[in-house]
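Heads up, there are several structures right after this.
Below, chain A partners chain B and then partners chain C, in two separate complexes.
Entry: the complex of A and B
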């Protein structure tokens, strides 16, 4: 019924085309599976949440230049103004923006002394409104009080004696303790400076999306006097776009001794930070589609060629009693056999390429089920591609047997 | 057994209509061995194709083995061919990529026989044509006469009621042609009805019955001599023109 034996034996006598197609399918499968794997990984990276209310947050920079510019007064006036502005949920001065690409990091350690190792963390300098502006939830301990917050000069290198850290950071520092018990612990910054952990927040990502400890962040209760300030403004839902120009104008008008620049929304920041990931996904998708098309066309070409070459044989088979279905099946089965060689070879190549990628680019290993899935897809591509030529074969008239020489 | 009444076959190509058969009438009884002759283009192959259900016709009626076959669908026609009709072609039509065993196997697989039944039939029919020892050979490794013997084995392996042959000796030299003819006569002796198109009067002479086709019509010739004469005339005419 399936004629697998004779089809195989006939194939063995016309190997070249079949082998080329099998190799093409193997390479296609190898690249498709690994590309999908990379895409899935990148998508997972892109799906990570920063922890802040991205859709409704933006930031803007204020840089003083006038000789009589008083930064401390300006920051306080700016914050008062911003927090009173209708539509603003909260506004803070902050030294760095999550997932933006630039910021501060520090090491924290549980034992004092340079000989001890620490865990690195991103540092966000915020006041008591930090939690609200960043939209993070305090899950243990307490928030900073206004009196905790100090002013930091540019040259200053010491630290406030309190901090709030993320749950991930707490677990990093004290792997054996439940995070609730980390509240009140003393950790050391700059090797020996003690800091008490005042609170734990659920989630806040560091500025660097490529960091493998992206979830390690600490809040430091301070406002900065670095002559250039960045304000993070969180608006009521849906009002960010309307408030951005308004805030820019208001700040610029209020004080002529500084310039206001770079109002940037968090969605834009995310887009910019993950742009290379997005581009990679697009490129791999194009490669996959093109490769699949080329392979499918190769199959159509080979099958059409072999149908034309075998017209008389097909007519003869029809004369000997093959139904149209039997002829169709012949070419489908033949393609399935070629594909089978292709996908088995493809599975080996896929694993090989993945092992290489794992070693060379520290990519994750592919999940086992990618292989059967890839094989099934290639089998399907093959069957779909051969369908047209196979139907044409089935339409060859039985009389072709007597009418062709 | 085979009854054609007023069969008409028209080939339409663009504006030209060719009547390949017109009011073609023929009755072939069980066990007959009919040789069909006639000038080139007279409709012999068309007749054989219609008889063998390879082609449909435009008018008239045709019944084969007691069944009116004009309204069978493609699937039923395929089944009919497979079970009741054996074909032999002028250029053998063996499948070049398959060895003799697999070639004879082709119609048996469509028939749905199990593998031991197929093996028995393949061996038996190749034995009959004297090629049982070459089963693993490819067609290209055989002479023309041997290839035609394999084709005959393939046609007979399913034990059809009819054997239809379109110039089965057309590509063979005289000696091989006669040995193929002897084989066909043997087969006919054992009960298979044979209709054979041939250009060779000396072979036609050996059939039990001769019919002559001209311009898509049958003219039966009971006297072989008369046929032979006419055949040589048309051949002469053809070569003059």
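Entry: the complex of A and C
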């Protein structure tokens, strides 16, 4: 069938070229499949949502320095001013920003005492407007009331006696209970200090995107007196860019005893936090494209060469009655056979590299269907690359057989 | 003879321009990819202070939770020390030089009506910091040991800060308001940017150095805020700043300079007896476990070279392998095409060795061309990485002469390795068979 016998025998007479192509395809497949695997993994990481209204939120920092700077009064004035500003949906003072990289974590436990283990969570200190500003949904229990909110000094170490936690945190603390029943439970912070869970919110990510318990967050009803304040401002859709400079100027003008710095939008924060993942995706894509090109050009080069060397034989076959299609098919089948060896070897290499990556860099294992997919793509690349030279071979005139050299 | 082979090589390269440029391009791509990733890894894993990286030691003590170790495994140590340890070890003065340190920040109010106040990063350290890490001074000098103890409000500025506030003039003796307190400038650093920023990698090994340096004990005096990471296994007993300093919270780094192995062993003994003392006072309830890591050990421990950079290094080497296989294939075709010519030269008296040399020169030329083009590509690649990573990679994307030499060497070596088999095959052609068909 399809002259596989003769093709194989011809290949055996000139093994080196074929072996080179096969190894090249194997290594190419190994790199491409693992690169795609890494890209898919990173894309999945980047697609995770923080839970807040990222497109319309930004934050800005206010640091007091003047000797007569009264932080408590300033924060209250700032919040009143911000909340009255047209276009602002809500504004809060907050100690840390989701997915920004910097924040505060605490352990919560269901039994009091240092000997018990707990679950860690990110802490966001917010007031009763926290849910609105963060755009999170209360799915059980109640929001903080204005009287729940207290002021926290810089080195104060005790906690308010109420908290709102994410659904993920509720499930982490009480794996056997449906989250609705977690409302009203007492948990302990700092080993022994009791806190009552007042409400559950749907989703809010911690500040550290590399954390394996990224979904664990708690809200604490507090405003802070840390000498530096951060305000998170949520605007009406589409008005963030217009309001950012306006807010910066307004705050800077209102009080000269502090500096207003680093207005940052949430889209910028996301881009910055995930930049290394984005960069890795781009680099791997470039590597994949260039590598495929190099391999394809290599196949074109070697195939052209072997066509040129066999001009006379091809002419003879044509003169003896082989059709153009038969010549075309010869080279396509030849390439298919070489590719087959290559992709089989490639499958083994791919798994090998993946095992190494899993061990050395704790990457995930590849899914099984990556292998047949990778093999199919490499087969296709091979066939496409050889098509040009094979067509040229088919165009060789039968009369070539009658000429010497 | 060599120049004759060179001429022949040029002729042969010109005769097959497409095949030749394909080979040069393949080598260039492989070398370009490799050099880009090698450079990034080389800079990430560079020794930031080669003259004494084996004499500087990072101190770790296990002051952690009796019920849990500081990290994954049982022998993990806390990565920083508490205020208590920092000040006790400084008081003991058992090393040749030593400095506890911390990062902080405060608002600077530059002199002059128009200048706007801004937030500056601060490194709190003892005076030994400067000679220990060979920090160069442009003006003035470090503060003295006495000023350390007296908690004097003195400050050393980085060159950029001095440029920004004092327009680059010698500002020693001037005063500067920092965090509402008046400081006296005692020194200005010359441009100093160790890569990685080995003395404190807590918030990133490739961050910029701080803008100001001031005596460590001012932390307590002026209640300066914590920079970097603060970790506590136990809440401070009581309220306020003093309670935090006396707590089991870690936020400080401790470095010592020890000239030789005896000194290192002696210092470790001292740490162990210190831990035993603390045990007797009811602290340090875990088994005694203290560690000294020299600079490179500490960089290794803190995994300064990013995983992504190492993955890309591996992938780029495989990329180079594909490019070389490609080149071998193309060279084979090319040399086989020259069979008749080789046969003729053999017949008129060239030895196999001569032919081998001739073709090696030819592959060498192709390799060198590929290497040069690859250097250009690597340069573009580094610019690309620079734009992709932004200021994270600002200091990571420049090539030095070593890297250029490595690139050309790698190109030459790999192209000759690729050329060996095709050349050997070409030289083994029997002349008679080739002459017949002519």
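Everything below uses one rule, namely that the second predicted complex is superposed on the first by the 403 of 405 C-alpha atoms of A that agree within 3 Å, B and C clash if a C-alpha of one lies under 4 Å from a C-alpha of the other, contacts with A are read in each partner's own complex, and residues count from 1 in each chain.
Here is the rule we use: a contact is a pair of C-beta atoms (placed from the backbone, for glycine too) under 8 Å apart; a residue touches a chain by one contact, two chains touch by 3 or more.
Computed from a predicted structure; not experimentally measured.
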{"item": "Superposition on chain A - do chain B and chain C clash or fit", "value": "fit"}
{"item": "Partner touching more residues of chain A, whether chain B or chain C", "value": "C"}
{"item": "Touching partner for A:369 - first (chain B), second (chain C), both, neither", "value": "neither"}
{"item": "Contacts of A:6 with chain B and chain C, given as first, second, both or neither", "value": "first"}
{"item": "Chain B versus chain C as contact partner of A:282, first or second or both or neither", "value": "second"}
{"item": "First (chain B), second (chain C), both or neither touched by A:403", "value": "first"}
{"item": "Inter-centroid angle chain B-chain A-chain C after superposition on A [Cα, multiple of 10°]", "value": "90"}
{"item": "Contacts of A:305 with chain B and chain C, given as first, second, both or neither", "value": "second"}
{"item": "Touched partner set for A:259, first chain B, second chain C, both or neither", "value": "second"}
{"item": "Smallest distance from any CA atom of chain C to any CA atom of chain B, in Å, after fitting", "value": "11"}
{"item": "Chain B and chain C footprints on chain A, overlapping residues", "value": "405"}
{"item": "Residue numbers on chain B that touch chain A, as the complex places them", "value": "45, 48-49, 52-55, 74-75, 78-79, 81-83, 87, 89-91, 93, 95-99, 102, 105-107, 109-112, 154, 158, 166"}
{"item": "Footprint of chain A on chain C - complex, ascending", "value": "19, 22, 26, 29, 33, 65, 67, 107, 109, 116-119, 179-180, 225, 234-236, 239-241, 243-244, 306-308, 310-312, 314-316, 318-319, 321-323, 325-326, 328-330, 332-333, 336-337, 384-385, 388-390, 392, 421, 425, 437"}
{"item": "Complex contacts: residues of chain A adjacent to chain C", "value": "16-17, 20-21, 23-24, 27-28, 30-31, 34-35, 38, 63, 65-67, 114-115, 153-157, 190-191, 226-228, 259, 261, 272, 275-276, 278-280, 282-284, 286-287, 290-291, 294-295, 297-298, 301-302, 305-306, 309, 353, 357, 360-361, 405"}
{"item": "Touching residues on chain A, where the partner in the complex is chain B", "value": "1, 3, 5-6, 9-10, 13-14, 312-313, 316-326, 397-399, 401-403, 405"}
